[in-house]
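First the structure, in the form of structure tokens, and then the observations on it.
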Amino acid sequence: MLQGIPITSVLIVSAFMFFAGVCGFIIRRNMITILMSIELILNAVNINMVVFNKFLFPDQLQGQFFALFIVGIAAAEASVAIALVINIYRRLNSISVDKVNEMKY
Amino acid sequence: MNYSLTILILLIPFASFLFNGLFGMKLKPVIAGLIGTVGLGLVTVLSYLTAWQYFFVDGMVNGSFPKIIAMSMDWISFSDFLTVRMGILLDPISVMMLVVISTVSFMVHIYSLGYMQGEKGFQRFYAFLSLFSFSMLGLVLATNIFQMYIFWELVGVSSFLLIGFYYTKDSAVAASKKAFIVTRFADLGFLIGILLLSYFTKTFDFSALTGSDQSIFANAAGVSFLGMSVMTWAALLIFMGGAGKSAMFPLHIWLPDAMEGPTPVSALIHAATMVVAGVYLVARMFPVFYFQAPEALTVVAYVGGFTSLFAAVIACTQYDIKRVLAFSTLSQLGYMMLALGVSGYGGEEGVGYMASMFHLFTHAMFKALLFLGAGSIIHAVHSNVMQDMGGLRKYLPITHATFLIACLTIAGVPFLSGFFSKDEILVAAFHHDKLLFAVEFLVAGLTAFYMFRLYFNIFWGKEKHYHHTPHESPKTMTIPLMILAFGSIFAGYIPFSKLVTSDGIPFETHMNFAIAIPSVLIGLLGITIAWILYKKETAIPERISKSLGGFYTAIYHKFYFDELYLFITKKIIFNYISRPVAWFDRHIVDGSMNGIGWLTVTSSKKIRNLQSGNLPQYGMVFVLGAIILVLVFAFII
Amino acid sequence: MDIASFSLMRNELILVGIVLILLIAEIFTKKENKHKIITLGTVLFGVATLINFLPLAEGMLFGGSFQTTRMTMFMKSVLNLGVFIVFLQSVTWLKREENNEKISEFFILIISTLIGMNFMISSGDFLMMYIGIELATIPMAALAAFEKYSEKSAEAGIKLILTSALSSGILLYGLSFIYGTTGSIYFADCVVNINNNPLQTFGFVFFVAGMAFKISLVPFHLWTADVYEGAPINVTSYLSVVSKGAAAFTFMIILYRVFGSITKVWEPLLYTLAVATMTIGNLFALRQNNLKRFMAFSSIAQAGFILLGIMQGGELGMTTVVYFMLIYVFTNLAAFGVISAISEFSGKEEITDYNSLYKTNPKLSLILLLALFSLAGIPPVAGFFSKFFLFAAAGAKGYYILILIAVLNATVSLYYYLRVVKAMLIDHSDTPIATFKTPWPMRISLLICVAGIFVIGFASAIYEYISSISFGIN
Amino acid sequence: MALNVLMFYLLSAVIVICSILTITTTRILRAAFYLLCVLVATAGFYFMVDYQFMAGVQLVLYAGGIVVLIIFSILLTSHISHKFAKPEASRLIMGILVGASGFALSTLAILKYTFIPTTNPAMKVDMQAIGLQLLGTGKNGYVLPFEVISILLLAAMIGAIIIAKKGK
Amino acid sequence: MNILNLFVIIPVLTVIAIVFTKDFKGARVAAAVGMSLQLLTAIILVFSYFAQRKAGITGDFLYLSDYTWFKTLNIHYTVGVDSIAVWMLLLASIVVFAGIFASWQVEYLAREFFISLILLATGVFGFFISLDLFTMFLFYELAVIPMYLLIGIWGSGPKEYSAMKLTLMLMGGSALLIVGLLGLYFYSSAAGPVTFSLLELSKISFPIAMQRFFFPFLFVGFGILGALFPLHTWSPDGHSSAPTAVSMLHAGVLMKLGGYGCLRVAMFLLPDAAQEMAWIFLILTTISVVYGAFGAIWQKDLKYINAYSSVSHCGLVLFALLMMNKTSMDGAVLQMISHGLMTALFFALIGMIYGRTHTRNIDQMGGLMAVVPFLGVAYVIAGLASLGLPGLSGFVAEMTIFFGSFQHPDTFHRVATIIATSSIVITAVYILRVVGKLLLGQVREKEYLEFPDAKWYERISLVVLIVPIAMIGFYPSFLSSTVMVALNPIVERLTAML
């Protein structure tokens, strides 16, 4: 409990965000929106990390730093992903995931 | 006295077999034949010497003829108590058999030099003959039942090889196969009998099994299976083996077909020696039968009696001379079996036993003679069928004379050997079972009838048109005929009851005229009828057969037993067992193996949509998997 | 903390150094001389590989964030060796006209992913582990899409980056709960607070899922086949051998070091995953015709076997897993080497293209045959030993039914390995792949692999060495 | 109700609603906007718990960097006016099912767990502390990840370049 | 050096030698030389082994030597032989030797052929000399795999299918084996360090629950190779598609690995469970015996006939083993040897006949005896051996089995024995059917008259097989008694629990 906010509420909000991201990953077709869903997921994780750090283990900053690095890596990931999306767009003239299923079974 | 030379009786034919078998093809046929013949001559000499030594030099010990084990060596040891030994057992019946076999075999060897001349595979023939002689001698000299079984099988295979000697002839191949399989089937019974016997007695040895000490059967006392005591089972199964070899009903079917073999072979194997192995087996095991399984002995008697009648009836209708002789052999073997079946044990009681052996001895002589004579006839006219013959007495004087002697002997004309031995059998039967006696009495008449039917048809009647004038056979063939004729006439004077008895103790026999005279009369009656019907060719037999109608046809077709067997083998075994088994194996057993493969491949196809190539679906499976695992491992377990 | 102690990071530092050298070289090399970078990169890396075989002390740096033991050193050497072989096998491919521009990038990307794996292996906290994983993954996506004019390659890249991003999300979510329930991201501090409350197990399972993605365990494997098929073949071999090996090893030591106290949770978990992985992997492999895809499913199935060793949880388990990986490196790279050589020469990658290969290229066929037999676990090649020992590890835990399932799966796998053998040796083709001469770097690589396949099984000393440096749950 | 609690619920509402909208809207640029809202709300939350540095990073890197990147790529690859078709029903159902069940499970796990805060005194979170830890080499020092992530960024950059650059 | 190592070294050297040969002629000469040496070694081993026994050297195994291999796992390379293994080695050497000559005319990829063949042989030899279950298993698998190539490349008919089926089924068998072996391995920890050593394991009495669990794995695992019903179906297809020498080796030796393994591993090490579960397998093997024989009657393809016959005969081996007394087990070993020789002879002959007629369908043949008497006579001898003619090895083996089995006190076992004995008649039926159709009667096709009789290499191959068949048939007691001695420890262990 921090300033009247129970930790569980925050965690539930982040959990919601997380699974919204997951849901988005599944129902979306556009690669960029899928990428956005992933950002939601990572953001949810960040909230968790920060919340745990702040609410439970404020003696160290591990959660916060973890979140910090996640942000950094997310950026790197996004940049490569976008490069790949653009690459796909050049090849197929579409960024729908339904188009990239040449390899299957 | 030392009988160590008896080993040569076995080794010589074996060596001759190996030599002719391995190198025969490189030799001149005659030389191969001579090797075999000389070898057998030596064996014959040795056999006679042994018999002389056994019966007359060493003679009885303590009033009975002893069982002498002349030689014995371990062959294989099954367990501490079951050891198979290869050895030589000399006792009255084995010595008697030694004489019979070597004599007949020697005759056949000589005879074949002429008869088989120019045949392809002459050397092979002699190799097989040597093999047969070896096996047959081994069989009779066996010291234990397992050794007997070994040689029993070898005899069977030699018979197979010899019947199928003309292997390019399909009928010969079929006959040899049939002979082998039927006897093999019977041997299965023999084997199981030995298994049972050895299981309870813990021994194979004849000396123990047939000795006076009955305590070895203690284990079997009171043990029964399906309502019969195990020893009865054992005895019956062993008898089954004997019945197979001796072609007792209903395992007789192979014997007529076995006539596809060369005629000397028929004479040797299917008349004089091998087929009596069954009789010999029962005689050998007689104390076991008598003391442990008297019910089995009754079965033996009735099977013997039935076979003799059955075969005699069929013999009356056959036209192939060898087949007539074959059925005659069956009939006579039935006699011998019956005699054993009705016999008691010891002294006078054992007259049936003695008679059986006696008849075996005389039968060997005259039946070999008949067959060899038939061979001589076939040699002359190149046909087996009596319709192709007639009036041959002019062309084949020696054959004719000897054949007539044989016919008279088998018909039981007094003072020929057959008369004496058959008389003893009738006596034994008369004392034991009147029904069997009646049957045998009838059979005696039938025998005389069909033999003379044969005789008249061949040597009398109208001359047929022959391709070339029939001529008498060469010396190599006629000399054996004459020797055997001599044997047929005089073998009856051997005092068998002094030599070969159930317990080795001699006894006196007396001519029972109350039985002998009617039996002679009925024999003469048979001859007369045959004379009337067949001396001149008349239409009477034709009419009789017509009037008998279906019955005659049934008899002619041997009561359809061949068809029955064909049905069992072809239809039941082949079509209703083997074929379903093969089908089952291919489709069910193998099918289930293939089914596993199919299942794998199919499930592989079915799940391919898991890998749809679609990214969101990958994510879904991923998360779903993780969630399910969480559910299971965090909340359920 | 002094400079000397940096020697603990010897391998990582050398690799970083090579990356820098290559960067500089790239800048100062003229266009027509670009191919010389191949030699430079390979040789430098070869030297690094050799250096890393030198013994090194054990120890830790950065307050436990970086830990090195003889085991991790050995594992790094194995990975180096694998990468070196991959480099040798890539030479011809890199010499292609269209790759001329990207040579140094290829080396840099591969080496940086290798650095990531090294850190992953040596990590002492979840943060380093995570960064290591990401470093090992993100450039990998670029590598998968390396042949950017190929649609398949592009598809492979996007599939890899998006699914791996999802998987790191899952992994991180799991880690957040582990952090929340244990209060630390340091392995050493976590251990004391590991119990199996639902939230922690939740986190743990998500963590396992994230790792399972990297090792491509069913049902987290779906990316594998597509990426393997689409990526350039040398990248595929790198992915299937080095990347997977590193992830599996990391997974194993984290299980041992951090989650050693809740074996009763992860043993059944791994049991389930192992059964699913082997079975599904095999079932899919049965039907494949593209060799790369085929090898992908094969490697999925192989990953299932690795779990058998991991489950054991003791020194035996670790030894067998590392031993398996060592052999797997040689075996799989031998197979991929042949596939790569043939693909490079003829562009053919279907199994049916290999019909009658033995007639035209007996040596390559034999090598592939050996490799496949080794994968199937047939004596006397090394794969037999490694597999048998893995089964033994499971046996030590009493999982006999699992062994049975595994061995039956191995039997199924034999079926499809034999399909390739059949194509090469039995099936007839009117237009077999023509006889050709393999370039020498490829030959050296294959030679190394074959030597490994033959020797490692029999040479018990190697096994004994691994055994001596292994550790289990304490 | 305290202001911060109210604030929290407000932010939560924004996060929840915008999350849903992000994944459901049919216009891609709007999706990006909703995502931005979520990220900003998150940053607001960080401010609330006194993690200003984190909040700053969130705003700069996430909201500023990544979202811009995304928008660029949207502009490169899509027409702004483009509307998505609704997702297929089956996929929608599965997605919602997976999301909902996952959410339910995690909520359950969170609710069942009693969180135990540490008893150690809280660390003062100021820029100096953060800076020291970021460059610290001992325990709770993050210089190594910091260095490694630089390699990662370099590699990602090279990777992105070779993928995205136009070939000859 | 231990002479037993030669059994592995010689084949390996031969393989290396073949690699360096230029063409098929060189390859076959190299193979023949190597395998002649091997045969020589085997003969020397037999003599020296029994000389040592005669000199009074005791111990269950002779020529023991032990090298630690994987120290931490306590895996050793341990070799040693008792008289069963000695005879098996001799059998294997003879069959391999004959097999090389029977495949004298292989020209297509001859080097590879001989290499695979000898690799297979290596596996077999290694299996028989091993006393460590790990190496035993290694050699076992080594023996199985070359089969795939041998059948797949040089076979005939639906060779790919057959080869695959055979390999997969046998590998399925070894899947069961692995479980069983590991069970033994880990449960051995009760008595010291875990071990694969047969000698060590044989001293342990495992808890009954463990035995119950693992015995079926081991028995069925080996049983598959021994053609245990209903897992025998690899055999007909496999044999019919395999090239001559492979059928010979496979039926002649490889299938014996199954029986030997059942005896040496499954029953020896897990005696209680063996006693307890014998009845289940006894039913299966009894079915095998009769079923195989009936199956053979219907077949038309010579190799199928022989394959089913092998199912029947090998069923008899397992049947006898399960009777678990010294005599029947002795019979089982004799049967293994005897069947090994005669089935190899059969397959050699079938191969030679096929090489001439290019068909194996008995309906399309006939009268070959007149054309190729040497082969014909050899075939008849093989047939007679197979149907159990006294004087040839089959008889001795079968009789020992029957008399041994019938000593069993239970009626169930004795009834099973009687059922099994009936196979001798059925065997006679199909053997005579084949002999009749194949060799006897009229020559069916004109072109058959042109066939040459056996060539010198064919004669070597046949004679080398016939001679031991006859030797065993004539003088079985040495073989039988030496085998009995070796069975002592096994039987003691099996009966100790009663």
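So that you can tell them apart, the chains are marked A, B, C, D and E in the order they are listed, and the count of residues begins at 1 in each.
As a convention for this text, contacts are C-beta pairs under 8 Å (C-beta built on N, C-alpha and C of every residue); 3 or more make two chains touch, one makes a residue touch a chain.
What you are looking at is a predicted structure, and each value in this text was computed from that prediction instead of being measured.
Colleague: Among all chains, whose Cα centre is located farthest from the one for subunit E?
Modeller: For subunit E, the chain whose C-alpha mean is farthest off is D.
Colleague: Taking each chain's centre as the mean of its CA atoms, which one is most distant from subunit C?
Modeller: Measuring from the centre of subunit C, the most distant chain centre belongs to B.
Colleague: Could you say which chain's mean Cα position falls nearest to the mean Cα position of the entire protein shown?
Modeller: The most central chain, going by mean C-alpha position, is E.
Colleague: If you tally the C-beta contacts for B-D and for C-E, which one comes out higher?
Modeller: Most C-beta pairs in contact, of the two: C-E.
Colleague: What whole-number Å value describes the gap between the mean CA coordinates of subunit A and subunit C?
Modeller: From the centre of subunit A to the centre of subunit C is 27 Å.
Colleague: Using CA atom averages as chain centres, what separation in Å is found between subunit D and subunit E?
Modeller: 69
Colleague: What whole-number Å value describes the gap between the mean CA coordinates of subunit A and subunit D?
Modeller: Subunit A and subunit D have C-alpha centres separated by 6 Å.
Colleague: Between subunit A and subunit B, tell me the centre distance in angstrom, where each centre is the average of that chain's C-alpha atoms.
Modeller: That gives a centre separation of 96 Å.
Colleague: Can you list the subunit A residues in contact with two or more other chains?
Modeller: Residues 18, 21-22, 25-29, 34-35, 56-57, 60, 62, 65, 69, 73, 76-77, 80, 83-85, 87, 100-105 of subunit A each touch two or more of the other chains.
Colleague: Would you pick out the residues of subunit B that each touch at least 2 other chains?
Modeller: 608, 611, 613, 615-617, 619-620, 623-624, 630, 634-635
Colleague: At least two other chains touched by the same residue of subunit E: list those residues.
Modeller: Expected reply: 168.
Colleague: If two chains touch, include that pair; go through all of them.
Modeller: Result for touching pairs of chains: A-B, A-C, A-D, B-C, B-D, B-E, C-D, C-E.
Colleague: Contact residues on subunit B for subunit C in the complex?
Modeller: That would be residues 600-601, 603-605, 607-608, 610-611, 613, 615, 617-619, 621-626, 629-630, 633-635, 637 of subunit B.
Colleague: Which residues of subunit C touch subunit E once you look at their complex with the stated criterion?
Modeller: Interface residues on the subunit C side: 319, 373, 378-380, 384, 388-389, 391-392, 395-396, 398, 400, 403-404, 407-408, 410-411, 414-415, 418, 421-422, 425-426, 460, 463-464, 467.
Colleague: For a test of understanding, state which residues of subunit E touch subunit B in their complex under the given definition.
Modeller: Of all residues in subunit E, those touching subunit B are 165, 168-169, 229-234, 236-237, 291, 294-295, 297-299, 308, 325-327, 367, 369-370, 373, 384, 387-391, 395-396, 399-400, 402-404, 406-407, 414, 417-418, 421-422, 424-425, 428-429, 432-433, 436, 439-443, 475-477, 480-481, 484.
Colleague: Residue numbers of subunit C touching subunit A in their complex, please.
Modeller: 126-127, 130-131, 134, 138-139, 141-142, 145, 148-149, 151-152, 154-159, 161-162, 165-166, 168-170, 172-173, 175-177, 179-180, 183-185, 225-226, 229-230, 284, 287, 293
Colleague: In the complex formed with subunit E, which residues of subunit B make contact?
Modeller: Interface residues on the subunit B side: 25, 74-79, 82, 146, 149-151, 153-154, 157, 160, 164, 167-170, 173-174, 177, 180-181, 184-185, 187-188, 191-192, 195-196, 198-199, 569, 573-574, 577-579, 581-582, 585, 589-590, 592-594, 597.
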